[in-house]
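Next, two complexes with subunit A in common: one pairs it with subunit B, the other with subunit C.
Take a look at the complex of A and B:
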């Protein structure tokens, strides 16, 4: 947690964002733009999952928070005709609230109990959208015909958000905002408190950190971001189904984060982009996808338990000369 | 008014009373010892005061405030911090980061504010920086500020734990065997650190098995056996108490 680290992270994300903004300029292949859109949406999900996992909380209901965002926004738009720009904060807020409620129910549990309970919540949420309130959430069919985001108007000028390219730029903006918030978290006092909690909850409490409050805040923030990704998912695809928010997409996110590396802010970025691009090249082996995910997960856990980004960081850190010991002591 | 007062504190582990009807006070500015044979309940008393265990009955007061069953973080905010028998530090953070985390409690910031502030101490926090530097200098860790805590030798890890506790700005420091495993020279240095903390305005409650240390440092000592107080007095009174000699000290040190 040094200034240099913070500057490196911000620079890296700015470079990545500028690169991403050029994709529709260099290609007009809609398929590639689709893939890039999905990657950005998954990046929001994976990065927001990572901050929770970094606290030692394996939240299997993360995908349900995305689902809540998607269903709430789609239902409000379709049943009540509300604008996307109104349903977005309501739906993301609902996801954040559900994350907070989940945290209040489960945060006094540790290790496998938290994980098992969130697994149960994930199944319940999926079942709820599948079988209850069919008039609102569409039951087993799901919701079909979710409207595209409403155009943005600046005075007399309006920007329609219908084409694939415009949707791509919308998710790019969402991702940049989410990344900004998460980088801020990483290098803030709260981030340092989170790092402390991850190391030892008992010591963190012993130096006065309100560990439960910290975890609740991070979980709520993570839920809000997952909700935003869900809202975008619903309105960009136009079709949602309860199976979009089940164990399969959850496992995919988990593999992105774990293989990339939980302890590093670049982990989910490396994992998501790497896996998404690799799976494009392996499309002809699509039937083997789950098997490959499993194999890579096992290999990474055996070879680099801190994930690919963590392993890279370690290699670069040993290659660089160690910093001169500071006599200025704390706080420089 | 004493800084800390325990009134008839009792704690049961199942049917076993680990601490029975314990009352004692710690005066502000004192170095108070807490001794007794293994299993006599010393660490349980620490765990109760610092909010890791709930009382079965009784009351604890800090200054005029009733702090019975407060949570650990809010006790630290009030000014009670502790160390552990088995050294507890943030292993993967640097020495500097350890102290930064530990001094955060002084701000009592809301979570929203701690999200907006950088993890590094700001330029305007000169006081905290000077304080942290002073603590590091004192415990002999100035040169190790950028090192990862895990890589430090045992003595320095112990000193870092003590430094973390002091960095919280606590007015009551509860130290659980700070000298355990230290050489005689290191013990003398640790004693100087404890005296320095007292001179800076902290009050100390100390568990220690090194009797020479306890007798030299403490103005008064509480002796526990099977969770009950059997003696409370000056080092000389404790040394000469027949019951203490029988169950703990073993030899009559009265004349020495």
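Take a look at the complex of A and C:
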């Protein structure tokens, strides 16, 4: 079952990635490429948020981890003139470290206390970038003119990364890497331990799973990926502001993940792509977009809390007769 | 001497806003104590109260006290229906309820932006003018806000303390299963608690409408303050909310004399983090 599932997931993502790689071929509309670039960044964010939420941890500071990645990389590139290929690992590492620190502080808390605390942390991070260390992080105006990634050189051959299309492909590569890591996680020993924790934390602990260690590892990984998404956010848009990492983008991300479905690796993919495309049609009616987000979120919570992907999975699972009796399946 | 007068003046101004924030926080903590849900949409009911003040008092010219009573009743009924339709079915999963409240926040805020528009709306003060005395100044408007909040807090206390419904509410908050065994209709009591909590927030919004502008996004600030207050006082504790509000009002009125506004906010959030880690049950013993 594990192997078949893993092969199916990998095939699915390869198909999706090859489809995505065709977008700049079929269109030369820069606006569409911009939208596709944003979708890829959001996919990294949503997929990395999902693994944490799957553990029952609603991390409202996920967007701050992205913000830390964005601000650290942009500030290093602009103030010290460091190369993108140096700021990327430093910034993602900083985000991962902050995620680890957040986890070590907060994992003793449960339920509402955890997400209230992450909400406070998110507000503090936003306020920090908005009001403190103005000569480094630009204060209320934020950072303007974040440089594009530096070209990569292989011997005599250099690949410039200035055009939108090349940037799109660069982000695509990183999304594929992120997806590979997350699929691997899903089917690894750690992933199985996480699944056990999700079902019952007490039982998981009783059978010898180090639950805190699992949660810390997943949280750190998710912070690292969020940091990478933040770095690309900063260097592809060229402008960042503390409001990009506040409650509104966080809620949008949450809608992607929850509506798509937390329990399935495809959930955030369905949610992010579906909502991003729907938003394009609603962009001219700004508040209608927000209204739709909220209404769909409520409807999903009320009608099928496992999300769209989870509901589809359930429908297919019941449609296809199970090869093993259910009591035997439960034992595997 | 001058310094002392200034501090006292700041304290009076702080107290009037603190009383209103206590109203918001009491609603939030009431809902949490019964339903176990942190209502992120709570600030949006504050916003609805603000718009109610604008349309009923400013545009339609209704008397301010009548308007306040109408707002309380209407929002209470609205909250009751919301609880029945939305939160009651999610009772078993507090996390789903919380996420639904985030959706409610988006819907109410966007809905208000579409229906009422995003431009700032000014509500004239029902009681213009100021009072002087002992070298201190207080506007009649703020005095009205303080008195009305105090009356509402008093009413809530008497309702919970002496009415039969209030007793049922307290029982359900303490132990909902035992309360159900004793014949209390817990789901109706939850609806009532949610409606009353929302109504308190709306009353706060209506009271502060003349002090600040009315906009669809006005609910964010009081929501954050209510969180801080509820966490200081302990989640679900009503006396804690009053004490927490008094403490926050004190800090907010004295704080800006020493720190920048950003630092005061930063310290507020820092207080949430430290308190949740060190003493999640709050500072006040209930």
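Here is the rule we go by: the second predicted complex is superposed on the first by the 322 of 332 C-alpha atoms of A that agree within 3 Å, B and C clash if a C-alpha of one lies under 4 Å from a C-alpha of the other, contacts with A are read in each partner's own complex, and residues count from 1 in each chain.
The working rule: a contact is a pair of C-beta atoms (placed from the backbone, for glycine too) under 8 Å apart; a residue touches a chain by one contact, two chains touch by 3 or more.
Since this is a predicted model, take the numbers as computed values, not measurements.
Chemist: Between subunit B (first) and subunit C (second), which, if any, makes contact with A:143: first, second, both or neither?
Modeler: In the superposition, A:143 touches no partner, neither subunit B nor subunit C.
Chemist: For A:258, decide between first (touching subunit B), second (touching subunit C), both and neither.
Modeler: In the superposition, A:258 touches subunit C alone.
Chemist: Let me test your reading of the model: by the given contact rule, A:121 touches which partner, first (subunit B), second (subunit C), both or neither?
Modeler: Only subunit C; A:121 stays clear of subunit B.
Chemist: Based on the superposed arrangement, let me know which partner A:219 touches: subunit B (first), subunit C (second), both, or neither?
Modeler: After superposition on chain A, A:219 lies in contact with neither partner.
Chemist: Go through the superposed model and pick first if A:51 touches only subunit B, second if only subunit C, both, or neither.
Modeler: neither
Chemist: Have a look at where A:36 lands relative to subunit B and subunit C in the superposition and call it first, second, both or neither.
Modeler: neither
Chemist: Per the contact definition in the header, classify A:95: touching subunit B only (first), subunit C only (second), both, or neither.
Modeler: Neither partner.
Chemist: Going by the contact rule set out at the top, does A:179 touch subunit B (first), subunit C (second), both, or neither?
Modeler: Touch partners of A:179: none, neither subunit B nor subunit C.
Chemist: Do subunit B and subunit C touch any of the same residues on subunit A, and if so, which?
Modeler: In the superposed arrangement, which is not itself an observed complex, subunit A uses no residue for both subunit B and subunit C.
Chemist: Once bound in the complex, which stretches of subunit A touch subunit B?
Modeler: Within the complex, subunit A contacts subunit B at residues 1-3, 6, 184-185, 187-193, 195-196, 199-200, 202-211, 213-214, 217, 323, 325-332.
Chemist: Once bound in the complex, which stretches of subunit C touch subunit A?
Modeler: Residues 32, 36, 38, 86, 89-90, 93-100, 102-111, 113-114, 220, 224, 227, 231, 235, 260, 262-263, 265-266, 269-270, 272-273, 276-277, 280 of subunit C touch subunit A in their complex.
Chemist: In their complex, what parts of subunit A are in touch with subunit C?
Modeler: 56, 58, 105-106, 108-109, 111-113, 115-117, 119-121, 123-124, 127-128, 130-132, 247, 251, 254-255, 258, 287-291, 293-298, 301-302, 305
Chemist: What does subunit B use to touch subunit A in their complex?
Modeler: Where subunit B meets subunit A, its residues are 50, 52, 71-74, 76-77, 81-82, 84, 88-93, 96-97, 99-102, 104-105, 109, 111, 114-121, 125, 128-129, 132-133, 136-137, 142-147, 164-165, 167-168.
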